[in-house]
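There are two complexes below, and they share chain A, which is joined by chain B in the first and by chain C in the second.
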Partner chain A sequence: MSPKCTIDGKEYEFKPGEMIIQIADRNGVAVPRFCYHPGLTIVAQCRMCAVEVEKMPKIQTACSTPAADGMVIHTGSEKVKSAQSSVMEFLLINHPLDCPICDKSGECDLQNYSFDYGAPDSRYEEQRRTYMDLDMGPVIKKNMNRCIHCTRCIRFCDEVGGFREMVALKRGNNVEITTVDGKALETDYAGNLADICPTGSLTLKDFRFRKRVWYLKKTKSVCEGCSRGCNIEIHQENGVVYRLLPRENMEINKWWICDEGRFNFHYVNAPSRIVEPSVKTAAQLETSDWSTALAEARRRISGKVLVLAGSDLTLEELRAIQKFAADRLKECALLHFGTPGHLSADDDKDEDKILRRTSKTSNLHGAEKLGLRGWKGDGSYDSALVFRGGRAALPHGLRRHVKGAIVGVGVFPREGAGDFDVVLPGLSYVEKSGTIVNWQGKEQKLQRSIEPVGLSKGIADVFAMWA
Partner chain B sequence: MLVKSKPSLRHRFYLFEILTGLSITMKNFFFGRKVTIQFPEERRIYSSRFRGLHYIKAVNGVENCTACMLCPTVCPSECIHIEAGERADKEKYPVTFEIDILRCCYCGYCEEACPKDAIKLSAIYEMARLTRADGVLDKENLLVQRGKK
Partner chain C sequence: MPEIIVSKFFYNKEAAPLSYYKAHGGYEGLKKALGMTPGAIIAEMKKSNMRGRGGAGFPTGMKWGFIPKESKMPKYMVCNADESEPGTFKDRAIMTYSPHMLIEGMAIGSFAIGARVAYIYIRGEYVREAGILEKAIEEAYKAGILGEKVMGSDFKLDLYVHRGAGAYICGEETGLLNSLEGKRGEPRVKPPFPAIKGAFGGPTIVNNVETLAAVPAIILKGGEWFAGLGKFPNSGGTRLYCVSGHVNKPGLYEFACGAVTLRELIYDHCGGIRNGNKLKAVIPGGSSAPVLTANELDIALDIEPMMKAGTMLGSAGVIVIDETWSAVKAIKRITHFYAHESCGQCTPCREGCRWMEDVLHRILDGHGKMTDLDLLLNVAGNINGKTLCALGDAAAGPVISFVKKFRHEFEEMIRNETNALNGRLSAEQGKV
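What follows is the complex of A and B.
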């Protein structure tokens, strides 16, 4: 029989050793917090998660008080409310009123809790402290004036990010959160600092002033950056992806995502992406229409065909390609490509001890499951058909093994498509739904979040028109 | 219920009635208060709260606007389009600021929502434009100070 405690008059079971805030979170009881994050150690320094526990003389912090059997907890008593409103008043003493220009506003913990627990006006009349901000590298923009010293960022770097590179200098009111000696952040996970920061102190440079967060529409999906398959949320408006955020999945990525995956979406709306069917005339690719480009592709795919399927495609697309190769092509070799040096799933290793994997395509393990083998960069063929989802490394040196035409189907950048004779624009991972298999063998669903850019079409549509 | 009453002889004769009507018209024509004005030369005085053509308040040549996007958020006719940017003297400023005055319903919510006292509705009510494209005011046009609000 597991122990039970009472929160706001309701009884909840818990495992011994759990903190009050964990029980509250699991059962949907709202407890405000700034410094507590489930993925980081507990410091109990913001004092915002105050709760009243019966038979204890003072109010307790819910994040650092282990629940005990028979404990009676109140989250909304007068004592608690006055403590929380005092905490808010102290935090807002030095917080500038620059919500109109702050990227965090709309999803800011301080803003929300100020609305819910704070006083409507300030009694503070003295000067507010100000800081000159040092640069923190290419990912994060710091604004120390907005900081409330929750130290989530310091703990993140110590415990998750792999480098102990953020510190709190000085004391009391003069405290400054900074990188050691003002160096640029080295961690590959710096983007998470902007997510966990409860105020707008640390924001993404990439997303800076690009969109107010309340305009963004959200879709749950999976990252295609590597074979880890981190769960993400795609934030878009009007067919333009503005940012990706990690989504909690305790079995895969917990709460985090690496910077490479976070900023991987830029090619989707980039002007360099080929979004119209293109046919090579003389030296360069020229924009054409679907019927002309398809006719050209159909005519020039002949003889011994090398069919290369990117391991960034979904299972559904790979299966369609297998069927197409078997039914429509007389003599062909169907192989997958993706990350240089990754011919089979065995080549896929951990790149660091956190999330990143060496296979930079999401579905290498799914392609193996369907029986595809990696292209070793050998053989000689009459023509080639390359399917790519946007992430696989373009097969360099393909021209040396192919005598005739090379046709590309999928997402290709204009610069890298020099070898191709026909390019039929396909869908990237935010424009299609499908299934990918990560390195653990977990099948996860990609969710379509935006309409296809330009004239791009899915691989199944291309096959339907091919006949 | 429809009640029909037979008109009197005087009514049925018409001539007296026509003369009475004509005399009222003539009286108004020659001696009545004029309701029209000579518009471009003469102008009516409107309430000081009148909501007309927009402008963005500028102090010392710098626009008050910080591109916080509260006006496009509150706008019921979705006629405001802003792109934000950063420059040396101002952390956040509107790179483009467009108001489609053909879509605008002059509710004044933008003025009310503005935390920086930047967007204003002036007393100007002449909105006629030759083309639809002219109906979209750009930042340069909006920075013309049309009032003293």
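What follows is the complex of A and C.
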């Protein structure tokens, strides 16, 4: 029989060695915390997760106290409340209280707990501690004055990010959290520092001052950056994506996401994306309308057709393409493309020891499952039909193998679409729902987060209009 | 003739070399220990009622007994020579005059717990003492006392001196271990305790210099003899009292545990207060011990009586303050020390120590308010018992005791807006 402990009058089972906070988290008992993070080592520094354990004279920290059989724990006793309010007071005496201009405001642990556990006024009359900030590279902006020294960022770099590049300098009240020698962060996972920071001390340069967080609408989805398929949350307002956050999935990405995946969404609302049907006249693509562009595409796809499907498309889209190729095209070769050098799923490897995979498209393994093979960059064709979801690398040298027209369906940047004779704008991964298969063979759902940008249409719609 | 153990060779300039130590009965304890089983040594230590001399007073034999017999990781013996508690200077004298006594004690301890590597973690400021220890270790290696075959037995022991970089927090055992491993000197979360997972992940015993220096005598003469020296149950042997401050004869005094009271120590042994002044306050156990007033002197100098009196014997660093010195100034200086030495890891200590120092500074500067005194007590109470390691308690205890016991002085200073530049009271206030 597994041991049991009592938290606030209710009995819970636990595995030996579990900390009180883990039991509380699993059972929905709220214990405030700053330094504790399930993915990082336990340091018990912030002292916020205080609980009272019967038969123990001192207040204990829930994060570092292993539960014992028969232990009786109180999370809301007077002793606990006074300990927590004193920690809040200590944390706030040197905090600038600049919530109105802070990007973390609205999703800040310090702010939230200060409402729940703090006092409305301050007894502090001395001078507040201030710091000078050094640049931390392109991803993260540091504001040390807001820091509460929880050291989550230091531990993240040591234990997850792969580089021991953040440190605590000096000691006592003057402790400064910084990068080694004030250098820029090198890790590919720096964005996570902003997620785990419980205050506005580390924020994303990419997101800073762009949107108040309470306006953002959130959709659970999956990253399309590589074949890992990290779980994400898309934050958007009025059809504009502002940021992506990682979503916990212990089997795939735990709590993290790489910077490449995090900032990948920018092409969605970028002006460089082709969002209107376009037809090439003379030397360049000109904006057209759907009926003209479709008619042009239909007319010019003929003879031996090379159909290239991006391995960034969903299973549903790939199946539709397969059906289209079988039903409508007399003579065609249907192949996938995506990452240079990735002709089959066997070419997909770990890029680092953390999350990143070498296949930079999300559904390579799904495309293989449907029986598609990679285009080796050979053959000669009369015309080509290219389907792309927004992430696959454009097939270079396509023009050399195609005598006639090249028609693109999907997300294309204006630059790099020079070879195309017709472009029918399609949907990116935040504008559509569908299924993708990651490298482990797990099927995951993309969720539509925003309305199609411009005149973009899904592949199924294009096929419906094609006839 | 009072029993003298660790201060046997004090102030004898010829006592440090191995030849002198051996000629005066040195390494007999180790020889005897090597003939015993490790279990018997630990049993002897338990019988001796030796309680750690570093400040916490944890029973040494019990600590040694926590070491698991079977361990995949190598075990370590570490000597805490980071003597950094203000008012404490006993370990320095032991290392200067009896380095071999410490080495012998460490060898016995290592043998008892099964350690093959031992470290002396010495504070960075003890440059000369580190040199003396290095020299003594070299002598011991040459004489076959350390190395592959300790005194001809099958027991192998390597002993290293590791110098710290000057941080009070590295005297806390887990902070010490972090520093020893080359990390930032910050205390670790306990449990696991060092006896289970200490230096480099192996079971580790951390003992004070004085504790280890007394081990040879315990082994040689028996635990019961040592326990019999103590005047109170559960506290055996003798200990060194470091008397500093305004007494006529400051210095190191060795007495059996609990044999003398604070009053006897100050007036009978240390020659009373300088210039015939009146006594104001005594801090009995290093600066982290709550202060005692002149009316609280009839307390036996041992762990339990001191605890009953609401203070602690700590490292037995007795700091004597006479009537000419301001209590506000004294606690400001002590609090400054703790604010400066806080590692900055946990919230109450990092933020609270500095806050208390700032408030005390303001009072000394003549900008104090009466409400500041309750604020001080409250802030100190919020630190006390709520921190990761004992440094928070060490900082809060003195503030609470000073404000409570010398409140009138604080109030007077606030009322008069005294700019107490050097902390001395005016002629009327102090009657100098």
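By our rule, the second predicted complex is superposed on the first by the 467 of 467 C-alpha atoms of A that agree within 3 Å, B and C clash if a C-alpha of one lies under 4 Å from a C-alpha of the other, contacts with A are read in each partner's own complex, and residues count from 1 in each chain.
Just so it is clear, a contact is a pair of C-beta atoms (placed from the backbone, for glycine too) under 8 Å apart; a residue touches a chain by one contact, two chains touch by 3 or more.
Everything numeric in this text was worked out from a predicted model, so none of it was measured.
**Q** Based on the superposition on chain A, does the combination of chain B and chain C result in a clash or a fit?
**A** After superposition on chain A, which the two structures share, chain B sits beside chain C with no clash.
**Q** Would you check which partner chain A:F209 touches, where first means chain B only, second means chain C only, and both and neither mean what they say?
**A** A:F209: touches chain B, not chain C.
**Q** Now for A:H149: first (chain B), second (chain C), both, or neither, which partner does it touch?
**A** second
**Q** Kindly classify A:K353 by the partners it touches after superposition: chain B alone (first), chain C alone (second), both, or neither?
**A** neither
**Q** Going by the contact rule set out at the top, does A:S86 touch chain B (first), chain C (second), both, or neither?
**A** second
**Q** As a test of reading the superposition: which chain, chain B or chain C, is in touch with more residues of chain A?
**A** When the residues of chain A touched by each partner are counted, C comes out ahead.
**Q** Kindly classify A:N94 by the partners it touches after superposition: chain B alone (first), chain C alone (second), both, or neither?
**A** The answer is second: A:N94 touches chain C but not chain B.
**Q** Once the two complexes are overlaid, how big is the angle at chain A between chain B and chain C (Cα centres, nearest 10°)?
**A** So the C-alpha centres give an angle of 100 degrees.
**Q** In the overlaid three-chain picture, which partner chain does A:I59 touch, first (chain B) or second (chain C), both, or neither?
**A** second
**Q** One more residue to check, A:A44. First (chain B), second (chain C), both or neither?
**A** A:A44 contacts chain C only, not chain B.
**Q** Rounded to the nearest angstrom, what is the minimum C-alpha distance from chain B to chain C in the superposition?
**A** Taking the overlay as described at the top, chain B lies 27 Å from chain C at its nearest C-alpha.
**Q** Can you tell me which positions in chain A touch chain B when the two form their complex?
**A** 99-101, 208-210, 212, 214-215
**Q** Under the touch definition given earlier, write down the residues of chain A that touch chain C in their complex.
**A** Contact set of chain A toward chain C: 42-48, 50, 58-59, 64, 66, 82-83, 86-87, 89-91, 93-94, 123-127, 129, 148-149, 151, 167-168, 170-175.
**Q** Residue numbers of chain B touching chain A in their complex, please.
**A** Answer in residue numbers: 66-70, 73, 84-86, 91-92, 115-116.
**Q** Applying the document's contact rule, which stretches of chain C touch chain A when the two form their complex?
**A** 167, 169, 184, 189, 191, 339-348, 350-355, 358-359, 362, 375, 382, 385-388
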